[in-house]
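Following are the structures in question.
Both complexes shown next keep chain A, but they swap its partner, so chain B is in the first and chain C is in the second.
Moving on to the complex of A and B:
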């Protein structure tokens, strides 16, 4: 086999895999704006189904946004200080703590949700409120925030900057607020974007934790897949894409600029995580 | 003096995360482990994965599916990832975007996309019908699960392969080639060993995700009971909380071990990806 043949086969296979990824998405988008999907595009384009989705499911969209924003706020409040502590005290204990904090990513969402329900399900007001879902989301997304911030804080320049500030007489809190946090901005922003994206799309935990009064967007999606006509399910999926794709594009653009900003001969950021929904 | 005051402040900063982890993770996990052993079968519930035929079968199907998906995804994504990182061609950026954007699609949506391809009104069925081969509907079977799991696995592996390929020294391959090695030989002896740590890490993540995947199986509502669906059924339909708890702990142990093993084998990259 010559090199050209090999390259052609590679090209064809890459193209096929690309089609596999994109064709169902395009189909689902089209189905959401087609009068009658069974008849096909010739039945005409319409926004009728999107309107129906708005009428039926706008509450799930609002709740998902509310939970995602609260989730970002909480992971910032808990995760950023945690990352700072881990960066200041590297060592065996910090490694163990990090390991425990990352566990919720390695354990299936179903198991986490069961554990939460068994322990906290008896507190009825808590169990039936959206705060219960929020706790699950924070549990699942916290490792992504912590690691994203830690990857920036662990860089050597950060230690130099802080030592410099300390030698000039800046106290602990002054250093934290005026030196550490501004310089960790990139990691914090990347972490926040990741948490936002993961929270909006989280299903595995949410399906177990939700009640009929606390349905999020992915829960509503599963509901529509099971009980609505294909056009409504597709239009709903389209709404979800419109929400999530800008976040994904922003995330990819950010990781590109961050990679470019780093020294070319330097290893890529040691623990910059990739987002992983638990499918 | 100053140091110890800083230590106090660090403890203060670590307080919120400690309280949260304790209340909503460590204690619930411990409760889960206790509840699992308190069913009618007592501590033997943990062994139900091998003693109960339904659970054992479910475990075997899930393991087989996860392995098949992992190997296929590694194969396809290695070819595509290597190609994308090595060659410039028109539409390359678009191809990379298309292949990696689905990374954060939740499992339920992936299930729906499989229905778009292989469901009752799906594209594949329409094509086979037009070709006179009858309507092929595969979405609600094991094949549908395989296609869905492959869909959410491919972007992850492609990203890893591309990142690893960028770190490989192209001079090594050039040297092997100039010494007369065939393309296949170069791939086997130079390229793949270079990619191995990244592939191990990506493979472990694929495997762990496929083992624990719930959303895709849920929206396909297939007749196949993968382990997460079995857990869900035990909990909601049979109200067998002990069985659900023990099975989910076993499942958690399997996925965590896969990730841990890969990290020990491959070093830092696996840790980075988790």
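Moving on to the complex of A and C:
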């Protein structure tokens, strides 16, 4: 088989796999803007279903955004100091705390939710408020924030930077505000975007924790899939895409700039010609 | 801009880390006002730990005391010791420009704006980096970073200047040049300085005194000349310079390469066979194998007619051999 043939097969395979993943997405989006999906595109395109979704589910969208933003605020407030302490104390206890923090990622969301309900379900007002869902989201997303910030803070350069600032007379708070946080910005932003994305899309936990009064977007989505006509469910999916895709793109862009910042191009140093091996 | 020079005194300063590792045996050390002391030793010998104790980045084990001009600073963290420190990694702040890096310590001290600007400008000029003032750290070469780190450390007019292998990350040519510059700078500031390195040439050039360390202990402290000519221990003799051990009827003689004279076999006090010849420009380094199989290193003139395999005699002046106190005691 010639090299060209092999290459053609490779292209074809890649294309097939790509189509396999992209076609359902396109179909779903199309379904959301088609008058009647069973008749097909010839029935015409419309934004009517998106309007319907807005009418029926705008509250779930607003609640999702509210929870996500609060979740980011809380994970920042808890996760950043936590990561700082963990980075400063390289002992066995610190590693154990790190493991415990990561645990919610390994436990199924349903089990986590059940534990929350068993423990706090008795507090009626709390159980029926959106704060209950928020607590679940914070538990689940905190490790992502802590990890992301910790990876920046634990780098040896960060220790040097902080010691450098201290050697110039800066006390703890000055160091934190002028040197540590600005140079950990990449990790903090990446963590915040990750938490935002995870919170907006979280279903497992939320499905257990929600009440009819506290539905988030993904729960509403499941609801619409089960009980609404296909076009509405698809239009709802479209709304979800529009919210989540920019977040994902921003996250990718961030990780690219961080990689570049980590390996800035150095001015090449003058180097000697390579010596020839002698016999 | 001469700072009021400070004396550093360490009493019984040892360091054991939390995991039980003994990094430094309790030791005493005094650095006189305006003196440059170089801590020299292989990696892991405790020299950086000692520097960090002086800086206030580590606390000595119980009983240890650090004093600046008699004032006990043992309990003070680094930010209250008024030291200037240059790190091996430079530790320049990537979120600030060169100018902001240099001004950082002055801003922290809340000097007024005019004063900060004036002193930052003075530093930029002194280190000849004025044209880099607005650059970011990642836009600088290694040598430029080094200058910024020095400027930043001395801008605050510290009581003592501490340098942790500041040239280790640079290539050889740049290292040689900056070594000369740092030497001139330290003389000009007349500041008390402690300089850590594993490079003996750097230590010889910069140190008023060298403290040779090994395995957490001080092997010897003295002027570069004393350390080189009168090493106190075999470790110092080997670590600072090259030494050849020649067996004679009267015992083992220790010789520096420049003290070995190669001559006719009959005229020598011992004999050896030439194994290698390396032309180094101003001289030839001759590797020899002595009668007892020991390897010797000698200097020869650059145009020496010797060839590998030749038998030569080895001669030396009576005053030339190194006298190690421990070896004399053993003999």
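Basically, the second predicted complex is superposed on the first by the 251 of 279 C-alpha atoms of A that agree within 3 Å, B and C clash if a C-alpha of one lies under 4 Å from a C-alpha of the other, contacts with A are read in each partner's own complex, and residues count from 1 in each chain.
Keep in mind that, in the parts below, a contact is a pair of C-beta atoms (placed from the backbone, for glycine too) under 8 Å apart; a residue touches a chain by one contact, two chains touch by 3 or more.
What you see is a predicted model, and the numbers here were worked out from it, not measured in a lab.
In the superposed model, A:93 lies in contact with neither chain B nor chain C. In the superposition on chain A, contact is made by A:14 with chain B only, not with chain C. In the overlay built on the shared chain, the residue A:47 is in contact with neither chain B nor chain C. In the overlay built on the shared chain, the residue A:39 is in contact with neither chain B nor chain C.
Contacts of A:245 after superposition on the shared chain: chain B is touched, whereas chain C is not. In the superposition on chain A, A:163 makes contact with chain C only, while chain B stays out of contact range. Contacts of A:62 after superposition: neither chain B nor chain C is touched.
More residues of chain A lie in touch with B than with the remaining chain of the pair chain B and chain C. Judged by the document's definition of touching, chain A residues 270-271 lie at the interface with chain B and also at the interface with chain C. On the chain A side of its complex with chain B, the touching residues are 1, 3, 6-7, 10-11, 13-15, 17-18, 20-25, 27-28, 31, 37-38, 77-79, 81-82, 84-85, 88-89, 100-112, 114-116, 118-120, 135, 138-139, 142-143, 146, 172-173, 197-198, 201-204, 207, 218, 221-222, 225-226, 230, 233, 237, 240, 244-245, 247-249, 252, 268, 270-279.
On the side of chain A, the complex with chain C involves touching residues 91, 156-157, 160-161, 163-171, 174, 178-179, 182-183, 185, 261, 264, 266-267, 269-271.
Here chain C touches chain A in the complex through residues 18, 55, 57, 77-80, 82-85, 87, 89, 91-95, 104-105, 108-109, 138-142, 152-153, 156, 171, 173-174, going by the rule given at the top. Against chain A, the residues of chain B that register as touching in their complex are 5-6, 9-10, 13-14, 16-17, 20-21, 24-29, 31-32, 35, 76-77, 79-80, 82-84, 87, 89, 95, 97-117, 121, 123, 149, 151-152, 154-156, 159, 163, 182-184, 205, 208-209, 211-216, 218-219, 221, 228, 231-232, 235, 241, 244-245, 248-249, 251-252, 255-256, 259-260, 268, 271-274.
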